[in-house]
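So, here's a batch of structures to check.
Both complexes below contain subunit A, partnered by subunit B and then by subunit C.
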Partner chain A sequence: MISELIINAFLVTVMLAIAIALLKTRTVIFTVILTSAYSLVAALMFITLDAVDVAFTEASVGAGISTVLFLAAMAYLPKKEEETIGNQFIPALSCIILGAILIWCSYDLPQIGLVSSPIHQHVAPDYILGSRNDIGIPNIVTSVLASYRGYDTFGETIVVFTAGIAVLVLLQNKKKISKDTKSKIKKKVGRNA
Partner chain B sequence: MISSSMGIWNYWIVFLLMMIGLFLVIGRKNFLKKIVGLAIFQTSVFLLYITFGKITGATPPILNEALDKVYSNPLPHVLILTAIVVGVATTALGLSLVLRINSEYGSIEEDDISAQDLVDYHDEIETNKKLKSKFVK
Partner chain C sequence: MYLAALIACGISGILILIRIILGKTTFDRVLAINTLGTIIVIGIALHGFYTGRPEFLDIAIVYALINFIGTVAVLKLFSAGSLGDVKK
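Entry: the complex of A and B
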């Protein structure tokens, strides 16, 4: 049990190191690769925390698809981030204060891995028992996702669909405007000639 | 003693990661870095949720008839599974907004863009003044 916790603490510290490197770097390609590495280490953490479904979703979607999206967007963007001019004191101070308050509150949180913590007392036992008796799917996560909380998944699908439409509209608009300006320019040139 | 301090260590690092993500969003002026900050914040919140669902010595929540075991809490796993997919949708939307801003302004630095807006605003005021003075004459 202790070894589990030690692996856990090590991986989460690696994540902290990657995040600090992200604070330092100003090159876009490093930023993208560090974000991908961060997601991958997060996926490893999910495995040690018994969340295997979340781990492979994070590895494929978080470390895979979002890296592809970042790389695709990177091709059209400036390669270097400009040095920040001006004072960063107020954002840094507010982050430090908020972090200190959160860490202070962490003493009231239940310790990791206790069976007696409140989250395990509510509906989770019903789901675990019901998955065997009512639904008959061995993977409890699947039975909760598709059956008990099917409407949540439906809502998620709607969100993804909306985001897809929004992305299409945003990127299509660019082409349209450039075409319009092109035709205007052509007309003007034609008149002058 | 070791296990009790380890028991809170996860939370501390998760809160630090959250604050780094928040700082990237509010402290950095580059829009791509802001989106990366959002992703960092999101993943740290996922870690917090999954940490809550962990039971020491438990197995992943997949039923095994041969062994009568303790399973970790499946509910946070389901919530975070949904959140990861929604997070990628948000990232895609944010990136397309950044691309659009870049094609319009030729820059993704917040200071640069607000300076361009200021110049445009100033020009507009100047032309309005000229028009007004013409009208009065």
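Entry: the complex of A and C
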């Protein structure tokens, strides 16, 4: 128990150090690299909290794909960040107030792993007890995602698919299309003449 | 024994973190981040064995792969100037 506390405290300290270094940096690529390191340590934190699936997602999406996407987008950016001008007092104040409210609210959260907390009372016992007989696969998370909450997962997939289509429509090469249509129009005009 | 190895991982992680923050060139930092990823992979494996649940080794494997992809992406950006086709 004590060792777990020490590991968590160490990880939080490392994350805090990376966050402070992130604040200090003014180079874009270094920011991207530090964000990747932050995601790595955050995923380790999720593992110590027994949230293995979240850790998987954080490692692959947070540390892997988003780093590559940031780097791909970075080629379009200037190398140095401009110095911010103006008073930063009000943003700092709002951040501190928001953080204080969140910390204050966290005192009302049930203890981690407490059996009597609401999250373990509602439908979770039914899922855990009935998963093997109802669905027939050993992994409870998979059975919840694919069967008990199948329609939710289906809706999520549709939303992600729609977002992907929207991005493709927004990013398609408009010049090429306009040239093609122009040449078609020219041909039509030529035929008519 | 696992605890001693975990502590050693933690200490080397702190040293690498200092190198990341103070690092002179960007390449030092890239190398340091890569090494930090390796240390974290070892840390996940050791933590799994220390708590008696070595099933989490899968995540260590995912980490190793992701770490490699990230480093390759950064270095490709340095050598080619961009990822994919940037028309200037």
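Here is the rule we go by: the second predicted complex is superposed on the first by the 172 of 193 C-alpha atoms of A that agree within 3 Å, B and C clash if a C-alpha of one lies under 4 Å from a C-alpha of the other, contacts with A are read in each partner's own complex, and residues count from 1 in each chain.
In this section, contacts are C-beta pairs under 8 Å (C-beta built on N, C-alpha and C of every residue); 3 or more make two chains touch, one makes a residue touch a chain.
Since the model is a prediction, treat every value here as computed from it, not as a measurement.
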>> Clash or fit: subunit B against subunit C, after overlaying the two structures on subunit A?
In response: fit
> Looking at the overlay, does A:59 come into contact with subunit B only (first), subunit C only (second), both, or neither?
Replying inline: second
> Does subunit B (first) or subunit C (second) touch A:76, or do both, or does neither?
Replying inline: both
>> Going by the contact rule set out at the top, does A:67 touch subunit B (first), subunit C (second), both, or neither?
In response: second
>> Applying the document's definition of touch, where does A:21 land relative to subunit B and subunit C: first, second, both, or neither?
In response: second
> If you stack the two complexes on chain A, which partner ends up touching A:138: first (subunit B), second (subunit C), both, or neither?
Replying inline: first
> Is A:30 in contact with subunit B, with subunit C, with both, or with neither (first, second, both, neither)?
Replying inline: second
>> So in the superposed three-chain picture, is A:38 touching just subunit B, just subunit C, both, or none of them (first/second/both/neither)?
In response: first
> Looking at the overlay, does A:95 come into contact with subunit B only (first), subunit C only (second), both, or neither?
Replying inline: first
> After lining up the shared chain so the two structures overlap, which partner does A:3 touch, if you call subunit B first and subunit C second: first, second, both or neither?
Replying inline: second
> Which partner, once the models are overlaid, touches more of subunit A's residues, subunit C or subunit B?
Replying inline: B
> Which value in Å is the smallest Cα separation between subunit B and subunit C when the structures are fitted on chain A?
Replying inline: 8
>> Under the contact rule defined above, give the subunit A residues that sit at the interface with subunit B and also at the interface with subunit C.
In response: 32, 52, 74, 76
> Quick one: in the complex, what on subunit A touches subunit C?
Replying inline: 3, 7, 10, 14, 17-18, 21, 27, 29-30, 32-34, 36-37, 40-41, 43-44, 47-48, 52, 55-56, 59-60, 63-64, 67-68, 71-72, 74-76
>> Going by the contact rule set out above, which residues of subunit A touch subunit B in the complex?
In response: 1-2, 4-6, 8-9, 12-13, 15-16, 19-20, 22-23, 28, 31-32, 35, 38-39, 42, 45-46, 49-54, 57-58, 61-62, 65-66, 69-70, 73-74, 76-78, 81-82, 84-86, 88, 91-92, 94-96, 98-99, 102-103, 106-107, 109-115, 117, 119-120, 123-124, 127-128, 131-132, 138-141, 144-145, 149, 152-153, 156, 159-160, 163-164, 166-167, 170-171, 173-174
> Tell me, which parts of subunit B touch subunit A in their complex?
Replying inline: 2-4, 6-24, 26-30, 32-33, 36, 39-40, 43, 46-47, 50-64, 70-82, 84-93, 95-100, 102-103, 107-109, 111-112
>> For the complex, give me every residue of subunit C touching subunit A.
In response: 3, 6, 10, 13-14, 17, 20-21, 26, 29-30, 33, 36-37, 40, 43-44, 47, 50, 56, 58-59, 62-63, 65-67, 69-70, 73-74, 77, 81-84, 86
